[in-house]
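Please find one structure pasted underneath; my questions will follow.
Each chain carries a letter (A, B and C) given by its place in the written order, and its residues are counted from 1.
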């Protein structure tokens, strides 16, 4: 394989990893932006998506099962997210650190529930046959470059999800309310926006996206009770880098982390790459402590 | 923040109410310890292993026990944490006065327990394949040494004509040491090393590594990934068009339960190296598999570490009978002088270095989730805790 | 009057603690010793989280640094370095000579100093880098969690220098004394107990001092502190540094008790479990941190073997309930004003605050 093809392949891989991070972190960033709370059980929403994909594929086997699984997982995880918001999170909304701890407790319970329901060792979800191909370059400067269909599919899904959420936030009445609450909760509430309901809706939307992401992750990884833990720390880093609840920020942060890891792994071990990623994040907040995109706000304490 | 210290009092009271010691030989019974992780990341593997150990104890008890005594297993949870293993091992020996302990899976758990067993002159039966480089009079190592699993795999691959090897593993002790040994042998045998890569435990992204594999074009991948990382690796290989029939993969930590959970369709055609497969022929294995299925369900499967755990208990009982004593030192001496016994694994025995003499098998995964045995070592292999090529001058002499 | 009763109860607890080696059996003593070592770390969490409002999900890192600093010495103590001896794991990792990083740890005094200085210094430096850019709160918690992940990954991957996943184990002597005997176990227990007492009284004094007042002021209104002309960063950095040093001391003592230090105790999950101890015991009350640590760990020891699945549900539920309904922890129930009334008042006051913003 040509050096340039290898390098381009790594850039593609960076985008591919970034698309996974976007899907995994988007829901987290949405609710963090609005409510300033971090949902430590977000990883378990990914896990739930994986198990919902497994159950859907039991009922709808065949090539299109995965396309059915995505909306099922979106609704299932969104519903659980809504319940979680109503039962735990809004009660703690003024105490973000306590919310973080309480949701970690939720994540423990959900993991153990998955273990008791489906067994500790995980379940089988395989990519449909129509994704088991690659786009290959056979001649020219990038000869030897192989781009797996699965990864291209995931990039497309990530783009669709991003686009859909952007439309929702920028073009709908619900989006208007979300932006209003985001900018100034008290004023929005005074103007008759039901901030409480907006919180619930955005949180459920965020966890729904996580459920959908869980289906996608199952194409490339395992479906086990603890699978969410593998993605959660990078997703948190995306939120830290991205800034408060900005879609563009989340996207740019995911791309930065994806490309950074893919390119640094050419030179160092994956383990060392993980350490360097943290160093990168710490250095980055020295320069831009508010993240990639700074949301202007009148509040002194966010 | 200023208050009294009643908390300490409560805790001290709780501590004094902990269970008190009872003798090991109460009314015709003898206590043995069973110490596996029932919680934490390792529970997934260790719970079935504990089931197999308890099955052996049940069978011995049903047949009348040993030296006229029924065996009472004392179960403790190592919680996938080495310091907990050490703590529970101490508890089993000091409080419960067990005569021996069956347990451990990770090398870290064994390393943490080793000083405990040496201090109390007790005996641990350790059933999992490991990286060697250890040799203690207080541990019986029944799992494969590197020369009983990793090196037979290399021998088979060389016989098959593979010249170029890519080593891929999880970033921890076993893969690193196994690969250190494999690299020496690959160089010594005139083969080429196409690459060597590690991902952190639980790692899920293999895109960069697959790119490297595509670039270096090895004949075979030797895979020492652990647990879930295998699922990610095989899925992403399949997505990149590299299914096991196009690029062979030899794995050291995928056995029947993992194959069943990961989906045989994903792995079918890939190879593994073990000292036991559920598909091994012979009446002893058939009886063992039938007994296990009768107790844990017709869908359950057994694997190499489970059978080693089961056989450890059986050989312990044989050794007790031969020594006519439960004394760990006498049992240990009897165990290494038992000679070959028939087992689900075939003919096995403990060598003088307290590791097991056993046959190496290569299996190829079939679509039904079982392995077809395609190769076996010419005979039972003598265990070598220290590979002579990699660690010259080191050896293990205990008896 | 109340003060008098409290002092008497405290005195009895201290006496019982000091006499524990004669009251309970060696195994129970070793458990108690371990958990007391952990409670030193927990008091550090109480300082940062309860008093300074800094939630760290990475205390395992500092615990590990302290544990490894001592373990490296214990590993070298039995070796003849002049002869070129090396710890066994280095031999099979293919290392040819003792790495330079290890040499200072041959000296026990240097090693013991590192137990305090390395985690304390690292914690202070790390937190300064984050706090100086006014990043805090939830962000800081997430960054420390990433730190815990990165640190444990690094420990595991650098097998030749750290013992990797297996960690360091099989220790025999410290300052020439055999540490595996029953007598040594008692001495180690008393040392641990002594450290718990010293830490308790030192922190109590610190929190009553002007520094403690400033720390609480920073927690309750960082910007107000700035407007009054004070820079809150040094207060927070010092608190986090002290908590790091305490975690290191706890780690070293724990290593002495358990005879092993490994990455299993420094990662993401153990680090967050450490916060549970304090959440359950009481984040604003010093003895609550100790009591919570002992309570949760003894419960874990008893429940996890018998009912492992129940334990995980229990731990999760404990977390949710403790932070939702009992923010002052168990210790809060014993404080003046009674338990439930306090909880309600606290909830209501925070609610009021949130609408004001």
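Assume a contact is a pair of C-beta atoms (placed from the backbone, for glycine too) under 8 Å apart; a residue touches a chain by one contact, two chains touch by 3 or more.
None of these values were measured; they are calculated from a predicted model.
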Could you tell me which two chains share the largest number of C-beta contact pairs?
B-C
Looking at Cα centroids only, farthest away from chain A lies chain B
When centres are defined as mean Cα positions, the distance from chain A to chain B in whole Å is 37
Go ahead and note the Å separation of the Cα centroids belonging to chain A and chain C.
32
Indicate the residues of chain A shared as contacts by at least two other chains.
229, 269, 271, 274
Shared-interface residues of chain C (touching two or more other chains) are 153, 156-157, 309, 312
The positions of chain B in contact with two or more other chains are 43, 171, 198, 200
Which positions of chain B touch chain A when the two form their complex?
41, 43-44, 47, 171, 197-200, 202-205, 207-209, 211, 214-215, 228, 231-232, 235-236, 238-241, 257-258, 260-263, 265-266
Listed in rising order, the residues of chain C that touch chain B in the complex are 5-7, 9-10, 12-14, 16-17, 20, 23-28, 30-32, 34-35, 46, 50-51, 88-89, 91-94, 153, 156-157, 159, 164-167, 169-171, 180, 200, 204, 207-208, 254, 258-262, 264-265, 270, 281, 284-288, 290-292, 294-295, 298, 300, 302, 304-305, 308-309, 311-312, 330-331, 334-335
Flag every residue of chain C that touches chain A in the complex, lowest number first.
49, 53, 55, 129-130, 133-135, 137-139, 141-143, 145-147, 149-150, 153-154, 156-157, 222-223, 268, 272, 275-276, 279, 309, 312-313, 315-320, 323-324, 327, 350-351, 353-355, 357
Which bits of chain A are touching chain B when the two form their complex?
1, 6, 9-10, 13, 16-17, 20, 119-124, 126-127, 131-134, 144, 146, 148-151, 217, 219-222, 224, 226-227, 229-231, 261-262, 265-266, 269-271, 274
For chain A, which residues are in contact with chain C within the complex?
32, 36-38, 88, 91-98, 100-102, 104-109, 111-112, 115-116, 186, 229, 233, 236-237, 239-240, 269, 271-272, 274-275, 277-278, 281-282, 285-286, 289, 299-301
